[in-house]
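All chains are identified by letter, namely A, B, C and D, in their written order; residue positions are counted from 1 within each chain.
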């Protein structure tokens, strides 16, 4: 029986268990390896004409058409994606100029900062004993294992140092400004925040306070309150709406690539309505439609709200982003590169 | 063929279509009718020993035990619930003193305000033609139909008037303060915001900007910018963390009833970790576990993070909240009332 | 920690574990108690206008209309339903004359015979340790616990005795004939086979060999082969097609109530095509549509095959039969009884 | 709007619609192209450590280990797989000697025969209008389009001719014997039945009557009844149990690769119990566990029944077979070929 599948084995210490569990750090993908090594997979799957493949195939066509027509792409994803090696793939897409803006959750800041600072995350299992994991200081995010030392204190100390610097400049910061400042201070090439900062791609995080990063703003202010001479940082979440609005209003063409659901997905389509909706919309979700959740809502529903144009090409792909996204991206980008091969 | 199932029938005008579609307004439930009319359902289902019933049954036991032991209950839900008649049931639970705090999304403000101001929502279908709905000004939220006049402008004008008043008092408001002020101005007894305001139950909405309400703050400020003499409202999302922290730190016992996933669910368990986790945790979700989404994560996973106590009673119930919650609440509250029958 | 949640606790013997686990026998429901105690639940859920409730509500309307118009009802279900207390509810529906024919799997024979002969099944958990359960002789069917003595040998010895008698009559038997003979020999009023035998409702089980019952036919024949003087029983699965065909051809109106998927569901719609399709179709399934499985296929798909009429009323209800069926049946039968109240 | 998305457009005839819809015939995959073109995909996905990938990765390891250790492999699948290009991939696996026996449904006979005789199936959409499809004689199987001329009459006339020949030899045939005879008469190299016949791989179909093939046996017998001089074919489904039993009893090692659920999956694990269970078990399913369905049951559950060995390596992979199987097979077979590269 694998360690941790049952209760904590007698006589095995904390360190032995950690060693047994934390063996395979997950690694970030690069766009080049994905295109090169996965590039033909979608074509093979398509040939067989199978079932959910068809949605994926349409997603690749839509993404390709959006990119070919230089349509501005809003990319949304929840934080769990950034706890996997898809982080590097997204960073490369951003750095490659494919993405106009990112919309995500506060947790993306947490995992991107933690992993950029050397925090290792490991391949694990959904079925591990969570009581045991708690005892040995390992967090479980699905089947990704996050040793406590790879996470909380890394994020908190980085954020506190960041705020200490930023408060010298001004008191009030929007989430997208914080993203730039965080990204500028990270050196990991797989960092999404760094890629955004370098490429001038704004990161919108309307629910940023719901995270370790957000909590670090709170604890920074708490310590500022009790220690004289320190000032509180203020978060201005309204200001970012102006910035997002200006992108949406200026866009001649607007596309959405929405991975997963939640506030990130909603924020993309919400703002798209103020220009008459997205021109292209691709969503990947594992959530069913029948309970009326936003996460499970098909892109079709957004048409009734004016959040996706009646004339838009759109598709909702059912399944797991970590399986589907590399296949989708490889399929679309491979074809895009065939348009204009490097000379 | 029912109206709207296909393309827009020739010769049928906008008004005929609206009349055909908007026939059955959905109605808010009350706790009393749910307990009285659904109260025995769970016992019958349990007797048969069937499958997901077992999770529901355990949820009712846990909720009952939490309530009996006067454990503070954090209630989280996404906005789609408030677009249904479960809104009235939740309002009654809040008014009845069962809930210590509410954690929700910005959309809850939207739907609660809109419906409290008389905006009617209607029973519809998932399969309706969204292009047709868009043409006749009806939004679709799953299978709930939201006529445009029942929603956007109601929320915006209410919020603008609210802010106009509030700016006279002070410049900076937290989401939970705004919830109180909104709730005080609503007269619908089924309003969640009103029930919270009356009972002193704070409403936390960390992602409040992602909504019509949040957008109305933005547009209010835009208009203030161009018209001299008006001042901008500032949203302080950090301050609410202090308020939520104080509840969490003071709680001798803390329970979570988490309907659906997303930022609301995460915020409850996130803050619970700072006191060593929830003592009782009940989650209802339709999301699968296997894609690592927060929405699909089982309560068990939270133990590894210290967000649910290792000793906690906890359960994740798979399914649709709109089917399961009335059965769960009826089962638990019925038993609770049997403890101390009204004299 | 509850028994069996982890590995087998040291020092606890087989009997202690069995005692700890096998505490709550599940019980069969009756139609009367379901109608009486659950009868108002659907109306309350409908009022709130929530999400998957709408499918359930339509299912109740369709079932009611089919019953009111004396449409012949084909009822299909897989065997797991018969391992729960829904067995009694189905038996009462059959006995009450609501069902024209049953289509099911071989496992239905197994669980109905085992439970009718006094084999107790217990309320359990999905999360129990299956290695431990195997060691103590308890089978797990979802979260229903089946002690080995409540199952295999009960079915085998009953079937062997049955065949011993039947071989005196003739050599070749169809599954529907075997169902009658088995049902006639059972005395449990909650038995589906008994209810079918008593009411003259045929039971079709095209895949009957895939079961303990089917295997007992095989082992009976094996023993007949080695012992002189015994003759082999022959199973004629083709003959039942004639019987099913005659029902389908004679039906002036044909309805299907399909619980779950698989061969039982398929057999109903397959045969319905030879008369131009079902007039009414209600399916309940937890399977998603997107992988092209028959279990997940919506009733709509069957129209393209001529298995459901283009003019039919039909609906696919997403969710768990053990939660939904009592609510559906209670809702429909309650209204039906209001048509002609007992005098 | 694409043809058929709404109601039948005025003025467009049956042939125009068929032409518009039936444009892309799906094609069978070969093992070689899958290994060559998809072979690196699993490694890339694994590297990222993402979510359901981990199950797929374990499945590839288990399949590889089973094949390396010459463990006998039982392959089960429902008929919808054979309506896609995965048919060719399975045929190649069978022809390559990787499979000891096949367990499937009657529909596999239908689609394999129809497609082997030149019946073309087409890439389609789940969302097409089924009433329209019915009117133009196109069946929809998920999003695979089956023109009526590619299916029913092809299967029926082939089967009638087959039976006409077989009745000259003997009266009683088991499903596995019929599979051999059908396979011997097909010339399509992508045919699963042909591959099985050529390689001596038995095909078990316990529910064979539930199909067009099974119905053709019935109609053959009906015509024999009315026309003097013809004899009826008898189907012996009990005999195949002996054949399957002998494989199971003789196996020194037994593995199961179960695609989808239903009777095919159940028959594999059911028979495995009589030798103490499977040594290796890989299942792919889209069905959830929580409703107690066999299709959704995890391989773990089978341990409690003795259908999978307590010591077995086993995994249930959540998702769509048509996406996952090529990636799984490519990953495993590629490594297997590296063991002993062709010289």
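Just so it is clear, a residue touches a chain if its C-beta (ideal position, glycine included) is under 8 Å from a C-beta of that chain, and two chains touch if they have at least 3 such contacts.
Here the structure is a predicted model, which means the values were calculated and not measured.
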Exercise. How many degrees of rotation carry the C-alpha atoms of chain A onto those of chain D, rounded to the nearest 5?
Worked result: 180
For this session: Going by C-alpha centroids, which chain is farthest from chain A? Tell me that one.
Result: C
Problem set entry | Chain pair with the higher count of C-beta pairs in contact (B-C, A-C) | B-C
Problem set entry | Geometric centre distance via CA averages, chain C-chain B, whole Å | 37
Problem set entry | Between chain B and chain A, distance of the C-alpha-averaged centres to the nearest whole Å | 25
Problem set entry | chain A and chain C: spacing of chain centres that average the CA atoms, whole Å | 45
Problem set entry | Shared-contact residues (touching 2 or more other chains) in chain B | 50-52, 80, 84, 126, 142-144, 288, 290-292, 318-322
Exercise. Hey, which residues of chain B end up touching chain A in the complex?
Worked result: 78-80, 83-84, 105, 107, 126, 128, 130-131, 133-135, 138-144, 206-207, 209-211, 214-215, 217-218, 221-222, 233-238, 240-242, 245, 260-263, 266-267, 270, 286-297, 300-306, 310, 319-322
Problem set entry | Complex interface listing, chain B residues touching chain D | 1, 6-7, 50-52, 55, 129, 288, 290-292, 318-319
Seminar exercise, completed: chain A residues touching chain D in their complex are 24-29, 33-34, 37-38, 40-41, 43-54, 56, 80, 84-86, 88-89, 121-126, 142-144, 318-324, 326-327
